[in-house]
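Across the two complexes that follow, chain A remains constant while its partner is chain B and subsequently chain C.
Let's turn to the complex of A and B:
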């Protein structure tokens, strides 16, 4: 497949198909699955920015989502802020949380990054549980105000408004990610990931890139969290749970680290796969074991993920035949 | 000495009980090619490391660049100030193409805008004579010689005032070394000061204006290349004693 077809035509065809889905999927359940898949796609693709592109083993990414959830819930329900503004504010608070965690993480490596970011997630969860008068504690918050556009309620028309709003968010998030990874900053992230010393020798600040990438990856993750709270009208500490984290991580790894579209495709596929498996007797809980097995298989066979395989095949087709052409000195 | 660009005073690097570089002092004049030689393990690369802060600075002593102390500065800041190095071992950004590698080097080390950096990257690609496919393939797919060309080009594209080359000729064929020789002279003529660590003595003696020889972390000899190679202590360090 030619790069132009893969990078432009195929995504546009997929987008056109997703725009047409509500014409065929007229029940609210199928649309709900798509909405959740879109939100997972935003979480996974933004996580991939820090994990896949920059190699920061950030296991606190779902914390940014949780911060977004509670920001929107508290602003919209407790403070009476317009839900649209509450969703946008979720991106800002998640970015601020990312900045807080980025400072100690910027100079750490490997397992220490995992430990610190995971501990940060637990810390935020304990904060949510302990501040029950604000967050609802273990009970969470319910009956959060829903979205309206003028007189139109998004609860109407079998979630049609929420479907297009979530898809719009996914499109904007993806365009944002494409702009980031194609910029010199985005390329410097791969340099930092693969050869720190060489990157520093070319003027790239390792710690600054790590802080920046964590903050950037949190913006749309937080917005997705805010949208999730307003859409489901619930904020629950479950969002900090290991189940959500491992499912999102499997989307990143199966789809392909270092690609933008891989985790999005995997998020759509895995959301529907887990839902389909839930309908099979005996697999209600065991479905997550199957997802974990799929993740192990993909990592074993294709460490670059499923989209990574396609890119490698593409490159093999375009690779020049001669071993070396440049033989006349630099 | 006229117009020193680099001044290293009593630079020392210790690792626990081991002293890898021991109170080394020397000065490099603006515009010269300054060679550094020594047997394996004599501290040549460690000297480059502590001068550039990659991955560590000196334990003691000071490094001045254009009169300002740079030891203790972050490595990326040292690179941006115009002191650009290459590495002895193969270094690459495997997922980035040659043109992307050159572009980010020009942006971050050279302080150029993205557009200007891309233009300079294309010019550098022409200079190393990579065809379109090679310019855009992942760097990990390039040959050893092409990777070396790219590493040097990625340093030059940022327009440094000092280029520090750590054994650029290792693993190269004789014709490739001759082309490297011509390149170094060419780069130097454009006003870039060069520090060159090299085991290929023919190259080192051909291009260096002055030579520093290290042995066991300390300076063994310094001076004009012709004088240094005649120094009995240098011959002994390389070939061993007579008894």
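Let's turn to the complex of A and C:
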């Protein structure tokens, strides 16, 4: 298969298939799984922008998602803002949060980036827990207003509206990521990852690229968070926990860091896999163990992600794949 | 007023001892291998559960329980090093990969513990009953043991590092693996010892903490996060700085709880940490690298 066919035709075929899914999946549960998978796909592919493409050891990506969740929840429920606007505002607040955390990240190296981004997530979670009168504290917020378009309520038709809205969001986010990655700016990100000193010598500001990439990766993650809150009508501090973090991380790893479509494919596959495992009696907890084992196995045998293996097998006309996992400083 | 302050300082000492034992384990692994072990808190939790099983469920007594908790945690630590860290030595992405593999190990241990021991809250009896008064503040004798034990353990790790050949070999490996190997140090063994020692410390901390707090699968998360704050303040590089930072953080936390209440304290701690990192990227006590 030629690269053009792979880069354009294959994604379009997948998109067409996803557009047709609601025709065959008429029950709201299957559609619900797809919607959640789309949101995870947005989280994972945007995380990959900072982690995989630029090599920023960002372990606070789910914080941007959580900021989005609570922005939409507070705006729509407490302040009575239209849910559509609340979702869009979530992208803005998440980007602002990313800008805040980017200040120390731009100056730090190696393990300290991991620690400070991780701690930032804990900071936001503690803020949410301590401001119980605004955020609902540990219990979270419920009965958040749902989406409407004119007179049409999105609760109708077995989540058909939500399905297409989430898919639309995923498509826009993916186009945005492709545009960023293929732009000169995207190439400079790879330079920062693979040859920091050389990039700096060529006049690329390492700190500025890091700040920019964190803010860009937060926009759609925050919007996905806002959508998540409006769709589930719940906001809970669980989004900041280790569980969500490791699930999203496994999607990035299994899909392949440094690709755009890999984490999206992995998000779809893993959401259905974990959901199927949860249905088997006795595996409700064990499925997280299986995901963790899968992560370890992928790091051991295919550090480029499973998509990396398929690329090596099928598409020999491609250049050797870029270094698999991101690097950050000496 | 003075009474409250003394009580606060004493509770800060208890917290500081706990953090010192956790953070020194992280520091030992970091200085020797250059790996940040995210499973450290989970190892602590395993220590507590094993101690509970041996001493309560099997009924062999608390001391045997604490010893087996420490031992099992150490063994799992060695296993983690062998399976999840060793394959990536020399890999240029080692730091990032081991963050992810130890994160995966944490998930496996936590969920595994939940499947084995269930979600019901458990607690160990105290090593000794009774209370001790220091000036006007009262703490349980068990907490007093923790306060006395922590500096002793830190001192013995320090002496081990400085005075014994094994300890010196760990430091040599930490400074330059190749040169260490050239002068005949078995580098893989040094790595295993560092990981085992660190995990044993975590297990012991967990077994002791199991008498003060409830034993749950996620009990390790909060001490791990606090230990992270400690190592960021102290810098990861030296044991002394880490231990010093642990007590400083313990005292600050106790004072913050007194002034601001339980809710705001963690927030302010994290905020302080981020501010510290902006101005002193290697920690307050950390030197320049």
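Just so it is clear, the second predicted complex is superposed on the first by the 309 of 330 C-alpha atoms of A that agree within 3 Å, B and C clash if a C-alpha of one lies under 4 Å from a C-alpha of the other, contacts with A are read in each partner's own complex, and residues count from 1 in each chain.
The rule is simple: a contact is a pair of C-beta atoms (placed from the backbone, for glycine too) under 8 Å apart; a residue touches a chain by one contact, two chains touch by 3 or more.
These numbers were taken from a predicted model, which means no experiment stands behind them.
Legend: residue contacts after superposition of the two complexes on their common chain; A:64 is shown touching neither chain B nor chain C. Legend: residue contacts after superposition of the two complexes on their common chain; A:228 is shown touching neither chain B nor chain C.
In the superposition on chain A, no contact is made by A:154 with either chain B or chain C.
Of the two partner chains, neither chain B nor chain C is touched by A:220. Which of chain B and chain C touches more residues of chain A: that partner is C. Applying the stated contact rule after C-alpha superposition, one finds that A:38 touches neither chain B nor chain C.
With both structures placed on the common chain, the touch criterion links A:104 to chain C but leaves chain B unconnected.
Contact with neither chain B nor chain C is seen for A:47 once the two complexes are overlaid on the shared chain.
Residues 323-328 of chain A contact both chain B in one complex and chain C in the other. Against chain C, the residues of chain A that register as touching in their complex are 57, 59, 101, 103-104, 107-112, 114-116, 118-120, 122-123, 126-127, 129-130, 132, 242-243, 245-246, 249, 253, 285-286, 288-289, 291-293, 295-296, 299-300, 303, 323-328. Every residue of chain B that touches chain A in the complex is listed here, in rising order: 52-55, 74-77, 79-80, 84-87, 91-96, 100-101, 103-105, 107-111, 114, 117, 127-131, 133-134, 137-138, 141, 143, 145-146, 149, 152-156, 158, 176, 179-180, 182-183. Taken together, the chain C residues at the contact with chain A in this complex read 30, 36, 84, 87, 92-93, 95-97, 99-101, 103-108, 110-112, 114-115, 221, 225, 228-229, 231-232, 236, 263-264, 266-267, 270-271, 273-274, 277-278, 281. Contact residues of chain A toward chain B in the complex are 183-184, 187-188, 190-191, 194-195, 197-206, 258, 315, 318-320, 323-330.
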